[in-house]
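Two complexes, one shared chain (chain A), two partners (chain B, chain C).
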Partner chain A sequence: MIQFHAYKMLQTADGELPLDVSLTFEKGQFIAIYGNSGVGKTTILRILAGLTEAEKVDINVGDDIWDDSLKRFHLPVQKRSIGFVFQDFALFPNLTVKENLEFALSKNDSTQIVSELIELMELESLQNSKPQNLSGGQKQRVALARAIVRKPEILLLDEPLSALDDEMRFKLQDYILKTHEKYQLTTLMISHSIAEIFKLSDKVIVIDKGKISKQGTPNEVFAETKISSKFQVTGEIISITKSDIIYVVQVCSGNNIIKVVATEEEIIDYKIGQKVLVASKAFNPVIQILL
Partner chain B sequence: MNILTGTISKIQSHEGISLIKVRSSNVIFSSIVLDTPETAHYLQVEREVRIIFKETEVIISKDLKANISIQNQLSCRIESIKKGVILSQINLMHEDQIIKSIITSNACEQLDLKENDSVMALIKTNEVSLSAHD
Partner chain C sequence: MINMEPLWLTAKLALITTIILFVVAVPLCYWLAYSRFRFKAVIEALISLPLVLPPSVLGFYLLIAFSPENAFGKFLSDYFDLRLVFTFQGLIVASVLYSLPFMINPILSGLKNLPPALQEASFTLGKSRFTTVTKILLPNIQASLLTGIIMTFAHTIGEFGVVLMVGGSIPEETKVVSIAIYEEVESMNYHNANVYAGILFAFSFLILLTVHLINNKSRKTTLY
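Let's turn to the complex of A and B:
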């Protein structure tokens, strides 16, 4: 079990914001952290990694203590069994892909993990290339492999896929899931994509203004409406168009855009960008077989 | 969306599907759901629930005693009509409850609907969703 508690006063554009978060999760879980920008999500990961100090921080990973502010104990970042992937990948530009991975090895580690990861992440044909010759998605795949070279207990992913296009993102999600399972990692990932969270995570934590506002399975957090309708999609309103006396609301959900009819009275409450649940009864949709 | 509140009065379940009767003022609504009291905690007799159905699923009949399969039949008075080119919105008054219906303007003309007309609002059982009222 991993227990995390931290208190830190954050300096934000809107003034001071107290970050006060207590988290408990099991080893092997995939945890998503969701919330608006500037609410403290990245700070949580950085405190867990030991990269950022906090006024009060207690972290226990299994039987190991990483932080105990009462006893003034702080395990330095290099002694924490952690892999980190940020949004802006920082590979060594003068080293090849393979060398980048090898560089992350500890002194006495066997290099077998490097070839294993190269195979798992399908980097064989790129292993002798320098980072400047890789695409964004390829670089991120290398960054992910490098974060796992030391077989960390905890993998921290800070929006690693947000700079990539959809196709690349879906592929990388599969790699992340594959490595999470193969190396039995405990993974914490910051993500803004509800579809991504549904695909990857066991548990999602919603952070709002420095506090946990909601947590549970993705279904409990994003789809729990207790409405009996079985045809449910969560997404974001992307447009509202008047059409005769009704309005057509377009909702983007993952890769799909769906259209829902609404009345003039209803659209008063709708805004572009709003997260919504679209529900219909299981009796209405028709299924067509795709050839 | 039309949203009414009511109290569950009867639940009949069979192989994962349930027919739920919900009393709302003096009308008993029928809703069919792919849940049972075992899979949805709010499906309990005497529980308050929301009855939800879309405007576009509300059929209007001038025949006040129609012999048809539709289970949910509410006697209403037409409060107002908003007419469009293709569609029209009929705002209905059922006791003190507003129910909205969206039908084609053609249908509205065919039935010669006018304010204060007495009509029946009809909603099929499988168009009624339920949601926990808490």
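Let's turn to the complex of A and C:
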């Protein structure tokens, strides 16, 4: 179990904002952190990583203490078992893709993990390129691979997919999920996309003005409050689940989740991630596939 | 035929000054770039002072400070048997102070232009400060390092005022090329002065050309 509590006064454009957050999560969970810009999401990850100091921090990871404000104990960043993927990737420009990964190895580590990750992230053809010659999605994969070389207990992702187009996002979400499961990581990811959160996370934490305003499974947090019944909007299918003899299709449009009932014949044509139009007909919304 | 001694002496002085400054500047710049020390601006201003101060002012204060008649000079000669007035060692100390901004400014601006996440990424990968500086930060500011080294070397070669004040003109000890030119002119040996001056002119031009070629290639560092 990982316990996190931090208090820090943030300096924002609108003046001071106290960040006061207590979190508890289990090892192996995938946690999404959701909220508007400038409410302290990145700061939470940075405090957990030991990159940012706070007035009060207490962090316990299993039996290990990373921060204890009473005893004034602070474990240095280098000694925390974390992988951090920065928003701008922070790849080392002087090193090739492969060297970026190898840099993360400790003295006596075998280089096998590097080849394994290069294969997993499909970076074979790029391994001798310098980061400046890579596209956004490729840099992202390298950054993710580099963060995992040390097989960290906790993987921290700071809005890793925000700068990518949709197609790349879906692919990278799969990479993230794949590594999360393969290396049994505990992952914390900041995300602005509800569809992404539904796809990846077990638990979502909503931060508002420095505090946790809501937490639970993505369904508990988003779906129930945001259902609407009179509309015509476009969105994206995020899940299809069977319920007795019918199917329930969830469509994400902007920040709304719409639940629509569908028959078995209809769902044959539906795929997760597909763009669709949802229109309200009397009381039952129907789904129409968009080209 | 001109005496080659001042040329060798100048090159020796410039080389030693550059080496000392490089060793001092890297940790100092790292500290200036990353620390949140409140009075950092004061230190940065002090380092840049030789850029605007007349060399004779700096030379004058150094002469006073190094003089065995005064506390600092007396302390050096009593405890270390070191005399810095009218000696080569004194020239080195004066040159180091005088050329300080030419080494510090390019390296500092190079470090400040690096994204802070580079250092943090290295830390999150378990690397120490030392490894981060030598393996990540410095290799990414190569152009700035080279600019600092070349500018320091060139600037030390071009010194006159400070050298004259602190070193005087002792052959094979403190008589560098710039002083030699001055003396040749005073004794109406225009031919010799011309040769010295021509060498310095060509050398300085080549050096600046190199710096600008490097900078056009990287476009990351400022010269001053």
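The criterion applied here is as follows: the second predicted complex is superposed on the first by the 225 of 291 C-alpha atoms of A that agree within 3 Å, B and C clash if a C-alpha of one lies under 4 Å from a C-alpha of the other, contacts with A are read in each partner's own complex, and residues count from 1 in each chain.
The definition used in the following text is that a residue touches a chain if its C-beta (ideal position, glycine included) is under 8 Å from a C-beta of that chain, and two chains touch if they have at least 3 such contacts.
Computed from a predicted structure; not experimentally measured.
Judged by the touch definition given at the top, the superposed model places A:Glu266 against chain B, while chain C stays out of reach.
Once the two complexes are overlaid on the shared chain, A:Phe92 sits against chain C while remaining clear of chain B. Contacts of A:Ile245 after superposition: chain B is touched, whereas chain C is not reached.
By the touch criterion stated above, A:Lys107 is placed in contact with neither chain B nor chain C. By the touch criterion defined above, A:Ala279 lies against chain B but remains apart from chain C after alignment on the C-alpha atoms of chain A. More residues of chain A are touched by C (comparison of chain B with chain C). In the superposition on chain A, A:Arg146 makes contact with chain C only, not with chain B. In the superposition on chain A, contact is made by A:Ala49 with chain C only, not with chain B. Chain A makes touch with chain C in their complex at residues 49, 51, 76-80, 82-84, 86, 88, 90-94, 103-104, 106, 146-147, 149-150.
Of all the residues in chain A, the ones that touch chain B in their complex are 225-230, 244-246, 261, 263, 266, 279, 281-284.
Within the complex formed with chain A, the residues of chain C that make contact are 115, 117-118, 120-128, 135-136, 139-140.
Contacts from chain B toward chain A in the complex involve residues 1, 31-35, 40, 42, 52, 54-56, 82-89, 100, 102, 126-127, 129-132.
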